[in-house]
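The following pair of complexes shares a single chain, chain A, combined with chain B in the former and chain C in the latter.
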Partner chain A sequence: MLKKIFCFRKYIIFTGVFIGISATVLQKLGNPANMGICIACMERDIAGALGLHRAAVVQYIRPEIIGFVFGSLIAALIFKEFKARSGSAPLMRFVLGFLAMIGALVFLGCPWRTLLRLAGGDGNALFGLAGLITGILVGIFFIKSGYNLGRNQRTYPLVGWIMPLIMMGLFLLLLFRPQLPSGAVFFSSQGPGSQHAPLFIALLVAMVIGFLAQRTRFCTVAAVRDVILIKDTYLFTGVISLLLAALVSNLILKQFHPGFQGQPIAHTNQLWNFGGMVLAGLAFTLAGGCPGRQLFLSGEGDADAAVFVLGMIVGAGFAHNFDTASSPQGPGLWGPASVIVGLIICLIIGFSMSDLMKKKKEA
Partner chain B sequence: MSEKIDVRGLSCPLPVVTVRKKLLEMKNGVLEVLVDTGTSRDNITRMAVNTGWKVEAKEEDGEYRLIISSKKK
Partner chain C sequence: MKGNYSVVIFYSTSAAIRAESLAKKDELIVKLIPVPRNLSSDCGICLRFNNEDKPKIEKILQDGKVEYENIYGI
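Moving on, here comes the complex of A and B:
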């Protein structure tokens, strides 16, 4: 019975509302503006803390990412849904995670932050949202054309535990903050990386989100995809709830500042706000879900989703080291080129792993 | 006459897309679906019920057997 109740629509609405309010409150408690929760930005900060990039202003082990995985793990164990599985084109998922992060960091946010930026009054996020939907539409085209990464297999339980164990390792690094001769672990002393809510509050809130999202299957990309692909508005209801709850909460907390110029951790180059999220939206759709969903899946034993997350973290390191990530001044030197190359790679993946290539051969 | 599909191991949204396509072809009758995750079970059940089918789910060794049947006999 307990398993069934979370399927009802009110629970996905509750999950969306909880995420929307939590994100704005975490911002009030210290997280960067319009970035109460951003999976891409927070994984990028983790990459920085580990020294995978040296952008000094974005280095912090974000407990929210750890909490998402722990929360999902706990829910999966309680409801007997923890199943170690792997083997559905893991390397391809790594590439898709990498490219999704490249695109997200050109826009400066994941689908969650796109909604939170909108809820904070950032008009530039409209272009990111349009890009995200465009990317999802292209992904749907491939899914309708038989796109398939192949079946996964049940595997040894330990394989499913690797991601939670990695998160435990990150948590210990965050807690004890060892200082090695190399300078690692890196923690920003200024900029967004230095802004954070109290550790245990952020961790606890994220664990509750991880728990709820595992039960309700919350996913921002599938929300749009399912409406178009299978005429199902279940997840979309949750996403709209997130947006509205964050908007109301921002108004109450006086965090709503409408406009385009001078928005926090955002730029006004609308072409690449759009383009970055086309790439991210397409890569997320080809991989089966938004970055939050990938974390929740990795908490319930899906090692392929875990590989996608690792691809995102490595992608973040690359994005800053190779100047593809944007800054408030605009896209990085190689940002536009990386989006174009990323889109070409995603299109090749979409064509070659669907029935489109077969049809071409037959013709 | 009952038909059977195995969508175990497929990533979201392929299980629900595959079953939806099959149900649209069948129009009525009984479809037996093997799924291996709670997410696929929930997605397929919601889609089938929303499109006018009856769903009976049985858990077997951590996996699920969904019996989807048309309401009209």
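Moving on, here comes the complex of A and C:
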């Protein structure tokens, strides 16, 4: 029985373990602490490099993001799963991506980094994790009430290639680092943005992750959703594997520092660690997947997932320009307000795009 | 075991849930499962049913106006 389970699940376990180990090793090779991989933080750094925000310490074109899309693209092409598709409420996905980023930057991390922060001993991440699960639960309530974004349609192959091409453009900017009079492309000289693993190692590792994740459908948000909604633990096995592998790897690499105070790129305001991730978890669930999954989908031709990613990148620019993003000192001036407004918007989306409104009208 | 079941693939998770509740109302034995990897790379949910119930399932989906992508034997 156990063997059968393992056989069926060995790929998802391997994917989780590979991500967990890679993240901690990338940290060892130069990425910021407990941020070996963080989709939200890394997209935020890309937003900074492009000048969408001017927070000088978080600007770098992270090759990991590029690699995730390329890896998924290659897997999809090899296994003939590249399908250009779009038209499932793209603008709504942009808004959800934007809000997910607002929430993630109040907590300071995406679901992946939540796990990696836990594996690094950061107790504050427990509140983020609780928030994430709460957000997913609210999302499940809407899904059970008929919430959906409408179906997508097959479309011209070029549409599916837009995201990989954008990533190719970013890769060229990273490689040649042109300096324009405006100051772009911006690269941090200090702070987390200046800390990075060697470019080609990071790119290669991320491509392997993208490849594996495309094959296994690895997703941190759907993992929790499936456990609760249909009592299926396939994806969840991958998430647990990631957490355990990162924990063991951190212990070996001496990167495990348990505690709440002074954790790297984290703050101790637990209310908003929780609140930020409620917003992010809800927005991810309403959009159908975690930020990693959205990248992998955009690599295999899903233009709606690509719009979500662009929403996240723009959201990161907004978060730093309008002081909604947290810093190690605590939430930004407008952080709490932005989470509350974001939650209200998500609730309106959930109600109005489900059967809840219809039922009310009929009653 | 292989060959006894089929799955309906939907465009949304909520459609799958709706189909499940409709099928259960008609006392069919169905189960929501993750979409089998070989059918689609979506991380979505599909509805599994016994092959012999296929006509009933199709009727339920049609009557309930549940839009679905396809039905596959697994």
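By our rule, the second predicted complex is superposed on the first by the 356 of 363 C-alpha atoms of A that agree within 3 Å, B and C clash if a C-alpha of one lies under 4 Å from a C-alpha of the other, contacts with A are read in each partner's own complex, and residues count from 1 in each chain.
Here is the rule we go by: contacts are C-beta pairs under 8 Å (C-beta built on N, C-alpha and C of every residue); 3 or more make two chains touch, one makes a residue touch a chain.
Note that the coordinates shown come from a computational prediction; the quantities given were computed from them, not determined experimentally.
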Partner chain in contact with A:354 - chain B first, chain C second, else both or neither: second
Partner chain in contact with A:271 - chain B first, chain C second, else both or neither: neither
Touching partner for A:149 - first (chain B), second (chain C), both, neither: both
Contacts of A:217 with chain B and chain C, given as first, second, both or neither: both
Chain B versus chain C as contact partner of A:80, first or second or both or neither: first
First, second, both or neither for A:229, with chain B first and chain C second: both
Chain A positions touched by chain B in one structure and by chain C in the second: 81, 143, 148-149, 151-152, 217, 222, 225-226, 229-230, 232, 234, 288-289
Residue numbers on chain B that touch chain A, as the complex places them: 8-14, 16-17, 20, 36-39, 42-43, 45-47, 50, 62
Interface residues, chain C side, partner chain A - complex: 11-15, 17-18, 31-34, 37, 41-45, 67
Chain A to chain C touching residues, read off their complex: 76, 81, 143-152, 214-217, 219, 222, 225-226, 229-230, 232, 234-235, 288-289, 293, 300, 354
Of chain A, residues touching chain B in the complex: 3, 7, 79-81, 83, 85, 88, 143, 148-149, 151-154, 217, 222, 225-226, 229-232, 234, 288-289, 304
